[in-house]
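So that you can tell them apart, the chains are marked A, B, C, D, E and F in the order they are listed, and the count of residues begins at 1 in each.
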Amino acid sequence: MPPWLTQLLYLVAAVLFIVGLKRLNTPATARRGNLISGAGMLVAIFVTLLDLGQVNYTVIIGGVVVGSALGLTAALSVQMTAMPQMVALLNGFGGGASMLVGAAEFLRLYQAGEEIATPTVTVMQLSLIIGAVTLSGSLIAFAKLQELMTGRPITYAGQQFVNGLLFLVLVGLAGWQVVTEVPLIGPFYGVVALALVLGVLLVMPIGGADMPVVISLLNSYSGVAAAMTGFVINNEVLIIAGALVGSAGVILSQLMCKAMNRSLANVLFGAFGAVVTAGKKSAEGLTVKSITAEDFAIQLAYAQKVIVVPGYGMAVAQAQHQARELADLIEKRGGAVKYAIHPVAGRMPGHMNVLLAEANVPYDKLYDMDEVNDEFADTDVCLVIGANDVVNPASRTDTSSPIYGMPILNADRARMCVVFKRSMAAGFAGVENELFYRDKTWMLFGDAKASLSKLISEVKQV
Amino acid sequence: MPPWLTQLLYLVAAVLFIVGLKRLNTPATARRGNLISGAGMLVAIFVTLLDLGQVNYTVIIGGVVVGSALGLTAALSVQMTAMPQMVALLNGFGGGASMLVGAAEFLRLYQAGEEIATPTVTVMQLSLIIGAVTLSGSLIAFAKLQELMTGRPITYAGQQFVNGLLFLVLVGLAGWQVVTEVPLIGPFYGVVALALVLGVLLVMPIGGADMPVVISLLNSYSGVAAAMTGFVINNEVLIIAGALVGSAGVILSQLMCKAMNRSLANVLFGAFGAVVTAGKKSAEGLTVKSITAEDFAIQLAYAQKVIVVPGYGMAVAQAQHQARELADLIEKRGGAVKYAIHPVAGRMPGHMNVLLAEANVPYDKLYDMDEVNDEFADTDVCLVIGANDVVNPASRTDTSSPIYGMPILNADRARMCVVFKRSMAAGFAGVENELFYRDKTWMLFGDAKASLSKLISEVKQV
Amino acid sequence: MSTEALIIAIVIFTLSTFLGVELIGRVPPTLHTPLMSGANAVSGITIVGALIIAAGDRGWISTYLGFVAIVFAMMNVAGGYAVTDRMLAMFKTKETEKKQ
Amino acid sequence: MSTEALIIAIVIFTLSTFLGVELIGRVPPTLHTPLMSGANAVSGITIVGALIIAAGDRGWISTYLGFVAIVFAMMNVAGGYAVTDRMLAMFKTKETEKKQ
Amino acid sequence: MCAMRIAVLKERTERRVALVPESVARLTKSGVEVLVERGAGSEAGFPDSQYESAGASLADSPNETMSGAALVLRVQPPLANEVAALPEGVVLISTLPASVAGERVPQLAARNVTLLGLERVPRITRAQSMDILSSQATVAGYKAVLIGAAAMPRLMPMMTTAAGSLAPAKAFIIGAGVAGLQAIATSRRLGAVVSAFDVRAAVKEQVQSLGASFVEGGVTAEGTGGYAREQTGDEQARMQQALADHIKDMDLTISTAAIPGKKAPVLITEAMVRSMKPGSVIVDLAAETGGNCAVTRAGETYTTANGVTILGPVNLPSTVPMHASQMFSRNVLTLLQHLITKEGELVINLEDDITGPMCLAHGGQVRS
Amino acid sequence: MCAMRIAVLKERTERRVALVPESVARLTKSGVEVLVERGAGSEAGFPDSQYESAGASLADSPNETMSGAALVLRVQPPLANEVAALPEGVVLISTLPASVAGERVPQLAARNVTLLGLERVPRITRAQSMDILSSQATVAGYKAVLIGAAAMPRLMPMMTTAAGSLAPAKAFIIGAGVAGLQAIATSRRLGAVVSAFDVRAAVKEQVQSLGASFVEGGVTAEGTGGYAREQTGDEQARMQQALADHIKDMDLTISTAAIPGKKAPVLITEAMVRSMKPGSVIVDLAAETGGNCAVTRAGETYTTANGVTILGPVNLPSTVPMHASQMFSRNVLTLLQHLITKEGELVINLEDDITGPMCLAHGGQVRS
């Protein structure tokens, strides 16, 4: 195959990656996007094989078959819930591969005793380091998520200092390799070993809940490692695809952080600092999860069955119009919305009715507690808008509670329950609400009107 | 300067272009974006000059000074309203420059009698053709907008055929040049001449109102021409910047077409078809201008003083909630909104009051005809939502009209008046409304509720 | 690697980096994980490098390391695309169901 | 121009084209004209070609044509940026006014 | 030259007043002299003091008020025994219900009075602001809902309370003219689920434009001038069936169907009333012209054996005297502005689009 | 074993009924026997036939109804001459206005009746659905607006018409408890511009949550159990000034301020009434306990010399008998479900959180 054809076909592969990644951005086209990018990968592989011509096919076919088999088996057998760690693992292998390519190329030149051009040796160091960090870091991320080790941040005094030192030594060794005339085997091993250790150390202090961000970042690293490999063996498709993934991964980790309302720096180095922002703790040490309007929007947008539980807070925020608008939006997207009206929601009999009538919510969407209480269990999302006491499960069980015995709306039985309120403050009865600490509950803090407006515009964009 | 530094600096220039264009996307950063891209241009120019080393500076400095002086004078003296034609003109010169570079390179090689490599000669042809089409096409666009010639589509029988033929001959000549061994001067002149004619012919049949789209497209061509020139002289920054502009221009023309609710094909070749979509004509040959929600949104978003005139159509569409939401949005952006209530708007006394109260519009935003009628004259935008008779100026002057003598809301005195209705149908009184044909009036056709919803989401995005 | 080749590689790398940034524009949070996974699959492109190393006549070290690299990279590629597709399939079903 | 150089040019061209598409994502209608004008200014990059042609020792034709090309391209560049800036200045003022 | 004088009398059978101080002020400012009988506006919340500061003179008796007047304004027409007190040749502007017109017009013509009947303002766009039928119907439609709601044994809006949920009341408006539309709007405001019926097809959209639903009667009977015409027998039957099916579930029915100058159509039969639930309420706004309900008693409220309360209010606008007078007065003022020249002269042009149709007696002749 | 029997009497001074058929059905289904006096629900729109189909037996006289009953239900307490007719040792559940309690309780205790006073349901969360004060105040607040609006000489909502523009009415609610809040909501629905005043600070947010504005009185006087306490003299003075400044522009004032068991505070003085505009209306919901307005006449409507109409309605819930009964009945039913064991036995546990405070007489003793 003439070299220009090879290169053109590589370009085709690169374009397929670009188009594929682009499509992965939208729910409707995502799956096709993945297939397109897969096609790009196939093109790249076949072009490479054709270009290589007559070679030792045992090794190649063996490697391809073994690798594919392992990869596919793992991918197809893994539980849906274990996806993130699977991605981490696979990503680690990708980084490992880049590292090995760099290493092989180095060792070949080393054995040949050739002098390596400065640019080449530089990118070689980068491909080794980044590949190694990706490999070991990903393995740690995998271990944390798979609970092979504790998911909690592992920290100790002077950790930052140790890491910094390690990093300096690593840079020093790599620099030595670059400036030296003939390749040196010592620094080579040193670099690989230290980079592997660095990967471990970098991921250790990050908590399990933040792992997705880390994986995305490591993914970015593995892209950069591939690109560096591309520099080493002077191959464009590696550079393009690697760089694409490199930047995409960084942006994605940033998006993820934004969705968690944190900075990337906070995720990566947060455990070192004094502030632990893991979430507000109640008196009994329970944890509250909060969610942003952006994050919630997508889940709401695809919900089939939604129940709105309005409470006094909706009245205070005068958010009835927004509540209705949101409901309309959900219905336009094919979901069904009911309003569950608790007999004593608000501060006067019929308080919610007045407001919802003002917002022109049709009467037939309003349901009494008794009519609707059984439906929570198969409700995708329950929106608790400024209600508190009327959804407090303590009234069912806690005989000491002042609201014990009051029938409540079963918001806690919904598949997902999102509570709109400004703080963790109690409602009229002045009692803590256990619902807020439940697994399936998320808090959307802020004035209900503002939160709903935000949510509406986010849902519109989904 | 070492070549690698030149190239790196070119890369810097390219990055500046990328960042600059990116920033041009958002109002807040647009101006800085333009400066950044300008900095890129400066870098590119200086790097080129430095790289050239000792050369004939008379020509260069002379050219730069003359060109800059002409360009700046034109740019700074032009009326704001004449901006589009100015852009067209400048763009034409850009295309012309690309053509000249291609021509110069060709003539040099021709004179030297050298054989030109196939790739080179191919891209040379492209740079000539595209540059020439850009040049002459832009000049025609300029002439049309500057009213040096009629702004109307110029069409004649067989036009498409002639254009097609011309194009084939052009391709034939260019192809001949490519396949021949030594450069030929005849086909060269032929290609240039025909390409210039083609540019004229392509733009002639397009109406003045569609010129912005055409200019954007020609802009894209000039980008591609620059990129081709880059191929010819093997210069990366030309390729990158040219390709950026090439694709950006196409996307932009598409966006513009979308904003006009038309297809690009319709804009470019619409005049050839039988359908003339220039606008609905009234019985007396008056013309109605319609506007899309997208286009209108931006004007509304920056309006300072807005008056809403609701009418029976708002009631029919039950669009009161949307009207209120839109008003809220405008106020949030700093504008002031009043509702002007005509005494007989709707179909019963107080019809508008009931609906606006339902939508929770505060009473103090509601103004009687007498209170508000003098304010229209310094109102930026008047939104006539489903009203008709109550804003019909015929009642002031046309003694034969059944509504003669009824005082009306002075919607026609506002700086811009946008009428939301579904068609050109008459209102209760059954009379034509001259307001719709006024210069400052735009029609936003469609159900008022739907149009308002659209408008709201567009305004939110501005 | 010549300096010129390096520069060109850098140009291409830079452009691709910008492209990557722009591509991941406004991805909705549900797609964060699939997108991460999909991008991970693409990073398996290092398979090309692995193949070249393993296949070329570059001595036994390259062959051995290349073999391992192929296995690793291929796991990343095959597993990556398969996992992504599984995630998206789930997603897809929900989408399609809605349309009915 | 060698085939290899051509290929690389094509690669760069392709990447830049995609980048251009992505960059002009969701520009609001008010910015259509300024953006068009700004992009037009960038297309004046052909000045680089004109300079090379005019300055190099490529004979009188190149010099003459190059001179005209420089004038043309420079008009595009200088005029283009100035016009764009004027448009955006107007816009900017309105923006800033609002904030007060 | 002596200015034209207008007399505003105190009503005897009515709480409204024909001109409110605000309108008086406009007239006196334009040079017209206005005499107001003492206490004319007090029932409507306009004390004499306000008239005085508006520039009117006060008079103690009807006779004193009318002496020297070129124009006499009243809400209700004069009783038979009051005709003689009118100055001869004067112009009288007042309402003139069909029930008294036959008797009173000849009497007034005999006294050479020029009579402009306010009900006869033509329904053309220009005359909308003189149309007392519209303005007073607005008041009637609103008030009908209030008295209907107050007579109901239930609340109008839906309410979810600790003491159980209350279903919203179902309100049904028959005849969606001005009064009917206002009744729809008001009962919607109070939270009822509202439906409406009318024979004119155009009304459906108007009803929906207020957020109520329209009951199809399978009949359309559009008349001229925006009024309805009478139905044929067959139409009647189909319509009655549709009504009967719908009305039995209603909690509040307000009927406003009228055909001008005719006896009101009977739309709610006795059988329908019997089919209704205990506690349901009918407000028959057509009571004065015979009632839309067969068993309405004009001016009375009573409950049938099966617990249906039927209200037959007469002259509802008089029960909201302040705002009703304000609108009435504005209508009259616009009419006066039409009749009085810039020079302050009262001109009765029988060829005029508006004056012509309104004039029922002139120059001693009865016109029609 | 013979099932427990509950007697539901027909009221003599009242249109409500203590149990509606729906609640009766629930009781009979759980094995309780219910005897209803003939015609008990007819005024409220519940004919005897509905009681029968709900499983109740009908009885002709009070005595027949009560014979063998363990429990007697009434809305109003028995008159002095009715006490003797109660079976000895029976449990009586009814309201007991403060005005009659002093006299009646000893009489009932003397007859060994166990009396549960419905006003005394404690205001704890769990008892909300037994709280007749809340449910009946809801009705009163709503109805007060209706009768106030009907008494006004003007329309409530703003209206722009061909006959001029009408300004919206300004409504002012004094005391934003259950009735007050409902009055706010209802007058807002009708289109009034609503303001409200209360001495309790927490109320401000509640008032605003209904879209009304709050009038600052510069005073807070939060009592226990959600009720207000009395004010000191100085507080009183400051508050009165704030009220006086505000009230003079109001078109409709509805006062609901009450302090449980005490005479209602006088908040609207005669001077304030005199400062009000002709045509303005006051509805004094506290009329029964003396009135919030100094010149209220309980049970009467009259107009002052300066044209202010003052309504002093008593027992408004009785004028909306159907829904008021429905809620009353639901409250009583919930209470009964609390009192009656699964085995169908009536248990009066004086230690109970709810029963205890409610019990006013037991075992021949007056409790308090």
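Some observations on this one:
We adopt the following convention: contacts are C-beta pairs under 8 Å (C-beta built on N, C-alpha and C of every residue); 3 or more make two chains touch, one makes a residue touch a chain.
Quick caveat, the model's predicted, so the values are computed rather than measured.
Shared contacts of subunit A and subunit C, meaning chains that touch the two of them, come down to B, D. Counting hops only between chains that touch, subunit C reaches subunit F in a minimum of 2. Using CA-based centroids throughout, the chain positioned farthest away from subunit F is D.
Annotation: the subunit E:subunit F pair of sequence copies touches via predominantly the same residues, more than half of the used numbers being shared. Across B-F and A-D, it is B-F that has more C-beta pairs touching.
Subunit B and subunit C have Cα centroids lying 39 Å from one another.
Once the centre of each chain is set as its mean CA position, subunit C and subunit E turn out to be 80 Å apart.
Subunit D has its Cα centroid 34 Å from the Cα centroid of subunit C.
If you average the CA atoms of subunit A and of subunit F, the two centres end up 57 Å from each other. Within subunit E, the positions touching two or more other chains are listed as 128-129, 134-135, 138, 157, 159, 161-164, 166, 189, 191, 211. Residue positions of subunit A with contacts to 2 or more other chains are 14, 18, 22, 236, 240, 343-344, 349-350, 354, 357-358, 360.
In subunit D, the residues that touch at least two other chains are 3, 6, 8, 11-12, 14-16, 18-19, 22-23, 25.
A list of each chain pair in contact follows: A-B, A-C, A-D, A-E, A-F, B-C, B-D, B-E, B-F, C-D, E-F.
Listed in rising order, the residues of subunit E touching subunit A in the complex are 157-166, 168, 191, 193, 211.
On subunit B, the positions that touch subunit F within their shared complex are 341-345, 349-350, 352-354, 357, 360, 363, 366, 368. Every residue of subunit A that touches subunit F in the complex is listed here, in rising order: 312, 315-316, 318, 343-344, 346-351, 354-355, 357-358, 389, 395, 402-406, 429.
Of all the residues in subunit D, the ones that touch subunit A in their complex are 3-4, 6-8, 10-11, 14-15, 18, 22. Across the complex, subunit B meets subunit A through its residues 321, 325, 358, 360, 457, 460.
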